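Down below are the structures I want you to see.
The same chain A turns up in both complexes below, where it pairs with chain B and then with chain C.
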Partner chain A sequence: MWKEIEKRESGRVRPRSFANRVKSSRVASLQLSNHKDIVSPHKGSVNSLQVDLTEGRYLLSGASDASAAVYDVQQPQKLEGGGLIAKHKPIFVIDKQHEHRHKYAISSAIWYPIDTGLFVTGSYDHYIKVWDTNSTQAVMNFKMPGKVYSTSMSSLATSHMLIAAGTEDVQVRLCDIASGAFAHTLSGHRDGVMTVQWSNSSEYVLVTGGCDGAIRFWDIRRAGCFRVLDQSHSQLGRRPPLLERSAMTKVFVSCVVTCICILGSTSRSSSGGQNMSKATAVSRKSSHGNGAKHSGSNRISAKGSIKHRLHPGMLSSQDRATAHYGAVTGLKISEDGMYLFSAGSDSRLRLWDIESGCNTLVNFETVRLQTNKPIQLSVSEDSALVFVPCMTVVKAFDFWSGKTYFTFRGHYEYVNCCCYSALDQELYTGGNDRQILVWSPFISYEADEGTTRNEDSWSD
Partner chain B sequence: MSTQDPSSSSPSKGTKRRRDEEEAAAADDAETAASESLEQSLTFSDTLVALRMMRAQFPHIDKVSIRPFVLRSQLYSSVVDRTQVDRELESLRRTKVLRIFKLNTGQDDHAIMFLDDYLNQIERAVKRMEEKNVHDLEVFEWFKIHVIDTRLEPNISHQDLCSLLSLGGKVKDNQISVLINGGVIIRQLIDPSMYWFAIPNVGSMLKGLSQGRKELLSLLSRRRYKEMLLASLEKKRLRLSPLDMRFHLRDLIGSGHLKTIKTPTGLVVRISKE
Partner chain C sequence: MEEEEGRVRQLIEKATNTTASEVDPRLLKAIKSVVRYSDSELRIAAQTLMSLMKRNHSQVRYMSLLIIDELFMRSKLFRTLIVENLDQLLSFSMGFRKNMPLPAPPAVASRLHSKAIEFLEKWNASFGVHYRQLRLGFDYCKNNLRLQFPDIQGSAARIQQERREREIRTQEILHKKFETLKESFPLIKEEIQATVNEIGECLDIVSTKEEPVPLVPLDDEDGDEFRSREILQLRLASLKEAEKVHEDVDNKVLFDALRELYRLLVTRHLVSVQEWITVVVRVDVTDNRLRDSTLKELINIQNQIQLVKRKCEELVSALPTTAKHDLEEEEDIWEEGKIEPSDNGSLTTLRNQYENPSVPSTRGLKSMTAGCSIGESGGSKASNESDGETNTSRTKLLLEAPVMRWGPYLNNWGSNSGVLANQRGLDLESHWGRVDYDAVIPAEKIAEFNVQATVYKEEQVNIKPCHAPLSRGGLCQRRDLKVCPFHGPIIPRDGAGHPLDQNVSADGRTCGAETHVVKELAKQAVKNVRTRDREEIEKRINDKQSLKRAKLAKVREHNESVLREAALSSTSRSAAIAEDIDSTGTDKPSSRNKKETLAAMLRKKVTTKDRLSQRLLNARATDATVRQLRSDEGSCYREAFPNQW
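This part shows the complex of A and B:
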């Protein structure tokens, strides 16, 4: 370690690469923490965990007994075991005695991305509540038409404060904190929406995964979704090489999509099972979407199969492409915003290239995944590893080769959520056994050595 | 990677070994391949090699005439890198060497068949239907020429199907039912206007597949430690499935239900817990 620091000091190693090397060696030694413990007050399975985005200090958890709690993961309340084990008790708990409590399970608890003064909880009792952290009171209530499966707020947003909510209902609703009302709804899914994620590259792009197996990309400034991911569209590798694109085109079927000849804008053709909407979504790449869609809609109404005229933005509702053979239970966009990782109830994990909308065919070896609840995935910084809860273990897969690098066994029952904190390189996982476990880089303790304590406080 | 002389493939003492194979020797190897034990030929270096070997090892069944097919999970157990398998399958599919079909026997089952085997199978199905005096059989010709050549995905929508078939001639509704009766397309349960492509006359195989899987898993789970030596497991015969033990073993190992462990006395197959 000292040699590395000396090299950095003399300039032979760049500071960034030095930091990355230290971080990846710490991640490689992740195991059940022997010096940190989170005391969970929950009496039901832990459904959602999130570390706050501003300081990386407070962990918010939501559980099935309608309780939510916040913990300080950097400063412990108590030190036990001769000062070696830090016990982190919750700073406050919102439980069934609270006046503004939820009635049923909390499925998702997220921090307000700007600061830790607010947090949002969504529950199976059809309500989304916005809480003030300092006074622990619910300041806003949104009633949803069905059980709330997942909520999300954009961390990049500067012009809006919308909470995207995925519920049992087929429509995705956007709730506005500033006005206290619903902004608008996004329709296109055919079944409930299990996961929602905002994009890491644009504050207006939302990705949703539904129980019908479709993953849709929405631009909230427009009606309808602009892309539906189809698992049969695939590319061999990180980026489709230019020549490969022409290999991906399939033979054009003239009588189904005569419109495309009229549009004449794209050389890509639609494949089996697709129709006009997919072609317009594709043509959006080469030409700006709106013009192409408008001229297309006139032709569409002439087709016998579609009975009524559709708004050009709603053409995507006809697109029935599926990303998974079952429901989509987890979504995670990589840190650079270029790739999307999705988990489905068909026990498949897929990696999608967002730019081209194709499946990159990386095979993540999983046998079974939880099918009835949404699961929370997590990505390490610089997207080298993805942490996926697979039944009772959490597996860390290499992003590009799909190999299982680590398996974290510790929970007694199914794991529902995991959250990776990039600041300390720690992983927090919560499961049906009501525990929140901390996985941290290995620190060896020799009882008589004072230097280990030094190392501990230095590495903070 | 050692290259093996095909004519002198003597059985090893039970160690796993990889084989490099040239295409010219493939025909010679058909007999030796069929008689090899699973332990010797468990892993391969390349997807196409694995596909050819497994096709050669497909069990010969008297009652039902079916061309060999390979399951995707079998490929996963044979080639170490699964991403490589997926990508090679994708490029082979695009170059029309083989076709992939989605099966209804479970979560994510896919059957892979070489294209000429598939066309052969369709012809046998057509011949069988002719014997039963079914009319309108030219729709199969249209199907072969127009649909199979252009649609490479495992599913197709009703509109696409009709439009492609009408390139051959006038399409009537009962001709679509003839196709369904022949077994080349199957209606999807969740979406009435979409069809899956299917292998004709594969029904009894699929039933045998799912029953054989259950039987093999129950055979192992009844044992005290839920494991058995691969060599002795291979000698057993499954009562309910026409497919042989090697087929089922590859399939279950690839889908993760079973795992193989190296021991000093050979490979041991155990039921995996997660």
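This part shows the complex of A and C:
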């Protein structure tokens, strides 16, 4: 450790790689933290966990008893057991006593990606609510056509403030916080939508996984999905083979880039980020109205016949492709936005190359997954490990080899969600046993004198 | 090295492979001592125990849980190992997962469950701070499963608290009492002193008034002439009486006053003084000196009162006894020693002294009474060992005596006189009829009447079981007369089922010479001869009752010896097991036996209820019942409405 620091001082090791090394070594020693203890106020299973994206300090949890709570994971409220146990109590709880409460279980709770002033909860009572964190009041209310399974907000969006919601209904809806109305209705799934995820590379790309086993990619600027992942369409290795398909993808990428450029210029022209509604209105217009069709036709004419196949109106055979033989219960896009990790109710885990849309055929060691509930996956920041709730345990898989690295055994019932905090290299997991467990790098804390010592005591 | 490694595993498997409700402490100790000095053994132990917890038998799980607890409370490494799989351990020991209920013997399963809960609480209380998993498990069981924890520590603390409060309260009360005592102490002292003085004066007057009776020394050693107990007692009583002053007309007033004072002293003062003593002893004051001085004074007063009281009782006979009784009940323990001897002690010692010279005579009397009672002959034989020669003759006579059934003829057993007869016949029961002294039935006739008819009764032959050792343990319980179809001729065997050759020869003492000769013959012939011998013996026994009795005694003796041997052998087997522990050798047959018992625990016991239900609830029986009921109903209906069909 000290040698490493010395090297870093002398400049032989780059600061970044040094940090990465330390981080990975910390991740490698993750275990159930005896020191950090989150006091869960929930009386039902914990369905959703998220650490805020700005400070990495506040953990938001949503549970089946229609309660949501926020914890400060850095600053404990109370020390117990001679300073050995730090109790992190909820800063506030929204439960059934609250005036704007949810009626049924909260299935997902996410932070507003820009700051911690807002958070969003989606519930089985068909509502998505947007809450003001400081006043703990609901400031917005979206009525959905069915139970909300999953919500998502794009962390890199600058031009829109859309909540993507996957519900019982076949349509994915995008709720606009700025206007308080549904901006889009994306239809294409043949069954309810279990998970939704915004792309980490493009603010307009949305990935959804449905109960019909399909994973669909949507560009919100135009109608229909532009890609359906097919499990039989596979490649070996991280990169697609350099065939004529590469040229095709290149064309697609360039198309997207041009699109972004156009939109970026329009939004920039309209006085910055404050006037979001205008920007979204523009995007809506471009994706819905005649303009979209027009531009599409433009592109077809400009880029030739290859473009034609990639248009939302895809080949019907492609449209029926499935990614899993059951419902897609979990989706996670890697930090760099290049790969997609999916979990299905067929107890399979698949890694997809987003660029080519191919199954990379990474064989993740056999696991059993919960089938009837969306599960929340998590990926470590350098995309080395993926954390998957497998029944009562959480497993950490190597991203590229699919080997099980760790098995986090601590919950007594099924685990629903896990959330990796890149700042502290900590993992938070929540399960049906109402507990939120903290898994942190191993540090031995010594108890003060006076408490019972943890030592051998052989009497005979 | 290899066998060293597996040692703890063997030990644990042996320890868990019993039906007992506790782990054998010696095995446990062995496990602990092995595990203590080597971490690898400890790891193996943890592995083995966890795999045993998965065994589909509650008893095995229970035993391993006990061992786990023992090690868990001692070793840190073991704790870390176990805690990693705590959820598994808990699910195996509590069976809270629906798809994994606790396995078969339900009684043991419930015990396992409760024990697991208890242990979890204990572990959490002592090590929960260091292990998040323990806290989690405890929380889960408490809040999610809503299991009832015994809460041992909490209840203990509560009890402690209650006791402390009670003590504080009693101390307060005692303080208050002590304060009042301090205030009123001189007054009370004076009062008591006055009473005591008055009594003393009264006694003085009484004793001077009466002429001192010349006292005969009580303990005269030359009282040899007083042999009889009654006379002795009389004399003692008279001596006692002579000491006392009797009430009469002259000193009636005095006596009355004395009685009054005595009662006051005993019922009021003595009791209160004793109370105060207890108060002073128990009170907890800062000023110890004052307390000690008070206590000393109180004890002095008490002794004084006791003294006066005794004097009163000695001198004055007619004191109210009821008061005395009350007093005796209320007195403290230490007081009893002082008072009781004054009444009884002297008398008993005296009596002992007087009785000592007359010991032989009384013993003669005792033996006479013992001889009289026929019924308890056996008992007297057992108890009275000192008078041996009479006893042996008596037993000889008893051996010869015929056993008669009880009847009215025993009333005039051995009488040669004739019996009067009335008009109804023999005058046996009623004497109300006319008595004709001539009508006498001569003795010979009566004897003829009383001739005992015996009905042949088959001898109750106690057919002994074969007792040959069986291959699956236990002894053959077949009862055959001579030859067991499976194990050959029946021969006496010891507790383990081995044939007893020397015993047979000892039994057949009458034909000892013969057997001795036969023994030298070929081994094949031995059995035949022995059986023949036994037949002979049996024949003779049938002939001679005395011999049979002797034989019975012998058999009893033999049985006892067999039992003793069995007990000895069982201990030796357990000792052998202990040796196995040390030598780590596996005792194959014993372990197999235990296995069977473990399996037997799993087997469901067939109760009478089960058998009945099997009989009654099978299809045929129910069908028959239904048919019967239907036909009954039909007949009823037809009877009720004969004109409708």
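Everything below uses one rule, namely that the second predicted complex is superposed on the first by the 369 of 460 C-alpha atoms of A that agree within 3 Å, B and C clash if a C-alpha of one lies under 4 Å from a C-alpha of the other, contacts with A are read in each partner's own complex, and residues count from 1 in each chain.
Here is the rule we go by: a residue touches a chain if its C-beta (ideal position, glycine included) is under 8 Å from a C-beta of that chain, and two chains touch if they have at least 3 such contacts.
Computed from a predicted structure; not experimentally measured.
Who contacts more of chain A, chain B or chain C?
B
Kindly classify A:183 by the partners it touches after superposition: chain B alone (first), chain C alone (second), both, or neither?
After superposing on A, A:183 lies clear of both chain B and chain C.
Quick check for you: in the superposed arrangement, does A:433 touch first (chain B), second (chain C), both or neither?
The answer is second: A:433 touches chain C but not chain B.
Once the structures are superposed on A, label A:37 by its partner contacts, choosing first (chain B), second (chain C), both or neither.
second
Classify the contacts of A:82 with the two partner chains as first (chain B alone), second (chain C alone), both, or neither.
The answer is second: A:82 touches chain C but not chain B.
Looking at the overlay, does A:346 come into contact with chain B only (first), chain C only (second), both, or neither?
first
Once chain A of both complexes is superposed, is A:410 in touch with chain B (first), chain C (second), both, or neither?
After superposition on chain A, A:410 lies in contact with chain C alone.
For A:391 in the superposed arrangement: first (chain B), second (chain C), both or neither?
After superposition on chain A, A:391 lies in contact with chain B alone.
Which positions of chain A sit in both the chain B and the chain C interface?
On chain A, the overlap between the chain B and chain C contacts is residues 392.
What residues on chain A touch chain C, complex-wise?
Those in contact with chain C are residues 32-34, 37, 81-82, 84-85, 392, 409-413, 433-435, 437, 447, 451-452, 454-460.
Across the complex, what residues on chain C touch chain A?
Contact set of chain C toward chain A: 29, 32-33, 36, 73-77, 79, 84-85, 87, 90, 126-127, 129-133, 135-137, 139-140, 143-144.
Which residues, counting only chain A, touch chain B once they are in their complex?
232, 234, 236-237, 247-248, 250-251, 253, 255-256, 271-273, 275, 305, 320, 325-326, 346-348, 361-363, 365-368, 390-393, 401-402
Help me check something: in the complex, which residues belonging to chain B touch chain A?
Where chain B meets chain A, its residues are 76, 81-83, 85-87, 90-91, 94, 107-108, 149-157, 159-160, 163-164, 166, 191, 194, 255-257, 272, 274.
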